[in-house]
Structure formats: C-alpha cells, structure tokens
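One chain, chain A, links the two complexes that follow: it is found with chain B in the first and with chain C in the second.
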Partner chain A sequence: MATATELSIPQLLDPMPCVVRAVNRETHDTITLEVEPAEPYHFEPGQITMVYKHGVGEIPISISSDPDRHDRISQTVRGVGAVSKAIIASHPGDVLGIRGPFGVGWPIDQAEGGDVAIIGGGIGLAPLRSIVYRVLNRRDRFGAVVILVGARTPKDIVFAEELREWGSRFDIDVNVTVDTADRGWHGPVGVVTNMIPRAPWDSSKVTAFVCGPEVMMRFTARALREDDVPMDKVYVTMERNMQCGVGLCGHCQWGSHFVCREGPVFRYDTVAELFRIRGV
Partner chain B sequence: MSNTMAQIKDLKFFSGLKRRHLEVLAALAKEIEVEKGTYIFREGDDALRCLVVLSGDVALELPMQGRDPRTVQTVHDGDVLGWSWLYPPHRWTFDARAVTDVTALVFDAEQLRAVKDSDHELGFQLMTRFGKVMVSRLQATRMRLMDLYGNGD
Partner chain C sequence: MVRPVVELDREGIDRLIAQLGDSGFTVIAPTLSDGTISHGPISSSQDLPVGWTEVQDAGTYRLTRREDDALFGYAVGPHSWKRFLHPPEVVVWQGDGGMTPLDLAPPPRYAFFGVRPCEMAAISIQDKVFLDSGFSDDVYRSRRTDAFIVEVECYEPGGTCFCASMGTGPGAVEGADLVVSEILDDEHRFVVRAGSDAGEEVLAALGAAEAETDVIAAAEQVVADAAARMGRTLDTDGLRAALTAQAQSERWDEIAARCLTCANCTMACPTCFCAGIDDSLSLDGAVATRTRRWDSCFGLEFSYIHGGSLRTSAASRYRQWITHKLSTWWDQFGSSGCVGCGRCITWCPVGIDITAEATAMLAEARSEEAS
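On to the complex of A and B.
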C-alpha cells in the first residue's frame, strides 16, 4: 500500500473497505475493533485514520495495533456521539471504510538508546499501544521502558489484559492507577502524575509519550518538568475535529497548526503555549 | 551514623535539613513493621503519631455505612502518612490500611510538636515540607474532581 504522502488527494478521500473481524469490549462504552483491510496496511504508531460507517458518518480514530503487522489493524473507539456509537455497534463481518493513515506519528526512533515513558489517561492509552508493540518488537534498542496508566476506576481500564501481560515481563515496568476503588483493587489509587516522581527512568535520558485528555497532558507535562525531564523530550498527541485528513478543510486547525497534517503528535515545547490559550 | 539517622537522611522528605535537625528527628524516630491487612490508624482515633513509609503500600480509606470502604488514595515508599497530628483536634480523618507488609518510621506526635514549637528553624523546615505535601495532594484531588481522564462528560 502506498503511504499518505504518495497518494493523490482524491485517493486520500476515498475510503478503503475493511472487514470487521473481531470486536473486543474494553469497558462499558469502549471497544476495540480488529479489521482486515482490503490490502496490506502500513502505518506509524500515533498516526490517525478516518473511519467511515456507511450511512452514518466519519470520525477520526487512532490506530491501536501492532505497526509491524500489516494484515489487521485495531481501532479503539469510545461511543460518545452518533458516529462512534454506530461504529461500536459493529459486528464481525460488517464493512467499515477507512482513510489514511494521516499525520505525523510518535518519533520512537528518537528514543532509541534511552529510556521510554509511555503515559496514558483513560482511552488515551489507545494511540500509545502501538508504541508498546513497536518498542517490544525492537526491545534491545531501548533502555528502561515504563508504562504509566491512569483511569477513573478499575472498570475503566482499557487493554487491562495486555497491561497485566506486559506487567509480568521483566523488561518493562507497568503501573496502573485509578482515581477511586473498592477493596477489589490492589494497585495504586491517585492520579497518574503521582507516579512520575518514583518512575524508574533516568530523567536525563527519557523520552516521554503522553496521551489523554488535554488537561491530563498539561498536568503530566508539568509533573515531568518537575521530574527534570527536558520538555523537548516530551510528546503529546492532540485530538481535534479532523475531517478531510489532508489539511484542506481547516476543521482541525489548532492555532497555526493543522492537526491532521502536522500532528496529531507534537513535541510539547512547540505547542505548550497553545495549551494556555483559552478557546483554541 | 545510626541506622535511623541513615534512613531519615535518605528520605527525600527530609532532604536539605541541617545535620543537627536530622539528629533531633532521628532521636525521636523508631522503625515499625506492619503486617499486610493491618489498620495503622482509624478514622476518628487520636492522631498520636506521624509516619513516613519506608517500604510498602498503604491505602487511605473512607469507611462507608453498609458498604465496602472506598480507597481515596494510596501512599508508598518515601511518602508521609497523614498530617492530622499537626492540627487540633488531632484526630485521623481516614482509615489507613497496610495493603502490603509495610515498614515505616514513626514519630511521637506530641514530641514532634514540642520540637517544632521549641526550635522554630526546624519547625519552619518541617511545616514547609508538610505544606508542600498538602499542596501536592490538594492539586491531585482537584485533578480528580476535574475528571482527568473523561473530558468532563
């Protein structure tokens, strides 16, 4: 398959049919769809797709699967609006249209030789999951790998089974915290930023990849700064109202940036000021 | 250097204190071990001790009538456990339960308050550190009120 930069605009606007092969329920309102594309699919972790539910509409969704696997892609969707609710109602055998991948992904190569921090809040873990696969596929190129995850309650943790599986490995450190819990939960309780000061990385050598609601990313960046992590080693991914995916329609414009083309991944210090502007 | 002195010196909470202040604190501190599942203190009890966790996890729980308690926060290695001993009426406002086996440094609250009041420099240093912990936990609580992971819906 050609990459987005090699395709013409009409091709980029034409959805590729993908057959739903599996539907995995993550939480009460979130599922992960495993779809089989019509042709081998290539993407970089952090890139985004436009997913089209026939007769309903199209929404931007990040890819959450292994980037080194090209016959299947996973998309994790939370049902909050008309289109996302229609998408999560999909069944195996249904056909969805997928455009993309679009935009700039996580610069994982830049983390090689150093430590990796993967910090997700809520469903924000979805676009980070591909990083985990990529890093594990090339584990010898990285130092300490630390995953920090925050969720409202234990029931809101996405990829719970995989997190347990990764946590059982000796070459990766997984910590999950929740805002509140009953006695059935044996892990930490508190916000995800609480875990940063005791995370086992070398602050001078770590590259941090952060995804979650904007307020979570802002507070996480602040906690990383207090932990002496340089802000030019912190990356965030932005969610905006993407529509065309190719920087033409302007719906995803964020300050001077087109999130679909220049993002969705940004180096934090290049956009930190935008986080401070109300209403942008 | 005594073992307690070495432990206090290693704790980030006390970093930057003068040696003579560390020595005063070391003389007041003793190490305790708490078995997993044990309550270190209960809501409403007199806050007679100040604790700093050396190892293990402690859950701060809010008991609820007819329901399992809710865990509002967990504290871990190096964290201060409670500050109710600092201010009247000196009563704990949560239950603290050892989630794992825990070792902690414990200070007698009355002695610590006396030291804080008689040595104003040490008192200032301690209050500055406790103030920082309180601000950080207040911020964490505010973040949770904002529903950090759910876009506020």
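On to the complex of A and C.
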C-alpha cells in the first residue's frame, strides 16, 4: 500500500486559463496570438505548450516569444485542421487553456562565444524566433548571427516584418528564400539549403538551430556537414503526435525517446540513426 | 525486517476477505464471467472460480473443471488489473469556458485479491510510468496509493506463460501487502505472508496462527515445481540490442502479413499504458469534458500528424510494439516492458507469439553478427 511514490511535482494536466490579448495575422493561414497567462510564465526557447480550445481540443504549439518576458507569451499557429483552425479564430478577450511549458529547449548557452546559425522552414521559424530574442538580449555574448529562412512562396513567410527589421541591423544577417517566387519577389529562389555554403559563419565555431519539416532538417544537416559544421553542434526539433506533453500518453515516442520530454530539441548526431529508419 | 507468516484454512481466507470489506475496501478478485476468468467484486471465497482452470495456447482459451476445490488453480485471463488503476475510459478534466475545473468523483478504495506475481510486476512497472518518471498522474495515483494488494503465487502456469524467463514469477515478487500461497495436499491450506506494514496490521487483526516451517517449505516447493512447468520460455540474452539492430529487417513484413493490427495485444497487456484524449462539449456549450481512453500503437491514427500518419505500414506498427516492450522500455524505465503473462499470445486472433517473434529476431541478429 505504501509502494506508490508520493511526488511533490505539480500536476501538469490542468489547462491554465490565459486571456488572448492580441491576434496578429502573419500569413493567409497563420496568426500569432499574444496571451496573458494567469501567473508569470517562465520558459526556455524551443519549449512547447499544449494549447486547449474549450471543448474542441488541444494541440502542441511552440512558444515563439521573448523568453525574457514573463507577463505575456506568444504562440504562432498555422490553421491546418480542426483544433488549429479553432485556435486561430480566437479574438482578444477569449480564454485559451495552456499547459506546460514542456520539453527541452535549444541549448543557446552552448553557442556563446561562437557564431549562431538559425535555419527555419515554413512555420518551423516559430520556435526559432525565441532564440533570436534571447540572442539579441545578450548580443555581446555571440559572434556572427545568421538567419536562413525558407518558405514555399513569398505569401508564406511568417514574421516577415520582424525579418525585415532584423535584416536592417548590422549585427544580424538575414536571408530568405522561396521555393516559388511571385512577381514582387526580388530575393533568392530555391531551397534553404542552397544558402548554407555561402553563409557568413565560421564552420568551426558555429552552432546551428534547425526547425522545419523532417526532410528539410535532414537535408539541412547534410548541407551543414558538407560545410564542415560538426554534427554535435547541430540541433533539430522533432514533430510527433502529442496528447499529454508529460510522457504518459505514449504517442510521441520516437525510438526510445519521448519527444515531449527529451525533445522536441535533439542534438543531431544523437538521433541521426533514427532519421534513417522509416516509420520509427 | 522479518514480517509475520501465518497459516490459514479456507475459512480463514473468508475471514480475510470479510475483514478487507469491513475496512472499507471494494474487494476485487478473479471471477468467472463470459466464459473466462476475469475480475469482479467478491464477498467470500465462494465468488472465486473455485475448482476451475483453463487451457491456453496461441489464439486459444478454454475453461475446464479441476478435480479439486482449488481457489487459485488457473493463470491469468484476458483482463489485467490495469483496468482499475488506469481505467479504459476516464474523465480527466471537466471545466467551463473560463477553464475553471469542476470537481470529479473520487475513485473507490480497492483491495485486489489474487494478483499474480507477473501482475504485481506489471503494476510496479506502471507505477514507474505513471508516478516515477517526472510527472505524477492524478488518475493513477488516486487509485494506486490506497490500493491494498493480495498477491497469490502460481502453481498452475498457463500454456502461454513465460514469467520464469522474465524474472517475474511464479513465486511472489516485491510490492504486495500480503502474499498468499495455496497448498493442495491432503489438507487445503494457505500460507500468508505480510509484505508491508498495512499487510501486517491486517494479519494482526485476523489473529491467525504462525505458519510452521514445514508448511512454509511445502509452499516453496509448489512454486519451484511450477517454474519447471512454464508453457513457454524466452531467451532474453542480447534481445534488447537485437531488436533495435534489426529495425530494417525484412522479417517485419513477414509478421505484418499475419498481424491484423487489431490491437488486442495492447489492450490485454498489463503494462501497455498508451492513451489518447477526447474532447467533448455539453449541449449548451458550457461544460467541456476531457476523456482519456486507452489507445494502441497498432492504430493508424496513433502516429498521425498533420499531413499523415508516420507509421503507415503494419510492419512499422508491430515493430514499434515489440521493440517498445522488449527493448526501448529498458532505456525509458530501466526494466523490460514485458512480464511474460502470455496474454498477447492467447488473445491474438491469429496466434502471433511474442516469444517466437522475438526469438526469430534474436536468431537473425546473432547470425548477422556472426557472418
């Protein structure tokens, strides 16, 4: 009877009410929600929350805001299905439930003293935005900071305004490419990996943070290797079905990993083998 | 610490059951239902499957009569105790639009009477999953903390049992409040050992006579004999590494050609813990309910992310299941995820046998290593 261990760890299965304070449209299908948590919120860039819409459902979403701000958090959501579409239909004043933060974030400290590469594809830029804020808050601790972004079309670029703003600074290098250009597009066309050979970082001193679809991450890792970036300096973030965020529902398993607990961020060389197995 | 050991006759077992009931426990035990030995509430030993046993083999289960009045002369049935601790369906949260949670009904206080050693081992494994890996699950903890467990040693292993290979039986394993051994010689007797302070208190209140050494020796002999009569065995030496090494083996397709991905094995398994959450709304839209239901890695939706499922083939899903049970479980929780209860073998409609499939993979890995 006494065998069950009593734990003092708080229950993380109850959604915390958060009031939506602002809704910013990013693209035709993506918005950034700024919410005010019931209590001051602390998270690390790369961590996720489970966002719950009353009666509709709950989905894993990365936190995309400044990690040094605790009164508000932002989450950037692309409406793709039932729950995400209900969430992006939120209005200021609405209440969403938030659980978390869960998982392990980007180890930004590891990049201190060296260069930073931030490489995102599509909505994958969301968890990377928090890194940019953190690095800018402590700019003197890092060398070159290079952001490489790939989007399907110019209309699919998230955080376009901020990318422009960051691009106008002298201490960050921002490069955006699109798969398919439209008439107004003057930037490069092609996949994000094309920009890696010419990226202005020192391959022996750079730490790369990569987020995007699985194939994009695999090709990016390969391009980084060809650019002589050591694979233990490359971090990726995995996407799996998630229903609990705390290692209890089993859905997010990837090999022996619970992505919700040991991820979503992984050091590439520790999972390269898993990337090669189909349907694992 | 030396805990008390007493001897009881059948009438003593009845007093024990009554006493647990009087102390406010809902006493659940193996009972006959729907042509199987399942679990239900009992109030005396009469409610147990007295004089019954079963024949089990891959895809086969049949009840038969014994020639005696044994209380525990059978192995495990289709259901495990996880139905009580990790219910197949349970409301985990209910709240209004402001996310204010409503109170949920408190769970019953259970006494589990007749938990087999492999099942005790399975409960300890689920303790690790639900209570010990960083977060603690309210649903499980509220049912588990106050549960009183009476473990029963095995002397009639089933045709699909292989606990002796997994180190989880047929003798008692740690964790129970009381351990019962049934002795079926001329005199029908039971040796009952306390395994916890709570168990000691119950025995003290029962006021039974201390067991003589020859009776204790007889109980030990019964278990030793059972270990030699296991229906199946599994060589686990190198198995953990072999399964991950064979991830790309063609054998998975061969198993997938037989597997119906029906998920019977995961539902029957006493350690499988996967679950999904369903959301619903009251008709007036005011109250939202989050319901947790058992889920299975054999389902296509289990690995669904926007754009499609990740484990599309039956081969990838069977591989996920058996690799988790026998290999990656070690990485995650420091033990095997299989206790050798044999349920997945018995209840597989096409008779797929985890011991046979694991053995084949192990052989394949060994021969690849040798060449």
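The rule we apply is simple: the second predicted complex is superposed on the first by the 269 of 280 C-alpha atoms of A that agree within 3 Å, B and C clash if a C-alpha of one lies under 4 Å from a C-alpha of the other, contacts with A are read in each partner's own complex, and residues count from 1 in each chain.
Keep in mind that, in the parts below, a residue touches a chain if its C-beta (ideal position, glycine included) is under 8 Å from a C-beta of that chain, and two chains touch if they have at least 3 such contacts.
The model shown is predicted, which means the values in this text are computed figures rather than measured ones.
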Chain C versus chain B on the shared chain A, clash or fit after superposition: fit
Touched partner set for A:D182, first chain B, second chain C, both or neither: first
Which of chain B and chain C A:H54 touches, first, second, both or neither: second
Superposed model, chain A: greater residue contact from chain B or chain C: C
Which superposed partner A:A151 touches (first chain B, second chain C, both, neither): first
Contacts of A:D140 with chain B and chain C, given as first, second, both or neither: neither
First (chain B), second (chain C), both or neither touched by A:G121: first
Partner chain in contact with A:M216 - chain B first, chain C second, else both or neither: first
Partner chain in contact with A:V80 - chain B first, chain C second, else both or neither: both
Minimum C-alpha separation between chain B and chain C after superposing on chain A, in Å: 6
Shared chain A surface residues [contacts with chain B and with chain C]: 80
Residue ranges of chain A touching chain B (in the complex, touch as defined): 80, 121-124, 150-152, 156, 179-183, 185-194, 198, 212-213, 215-216, 219
Interface residues, chain A side, partner chain C - complex: 1-7, 9, 11-17, 52, 54-58, 80-81, 84, 95, 97, 239-241, 243-244, 246-251, 253, 255-256, 258, 261, 277-280
Residue ranges of chain B touching chain A (in the complex, touch as defined): 57, 59, 68-74, 76-78, 99, 140, 143-144, 146-153
Chain C to chain A touching residues, read off their complex: 92-93, 95, 97-101, 124, 127, 129-138, 141, 144-149, 175, 177, 196-199, 244, 247-248, 273-277, 279-281, 285, 288, 290, 295, 297, 302-306, 310-313, 315-316, 319-320, 324, 327-328, 331-332
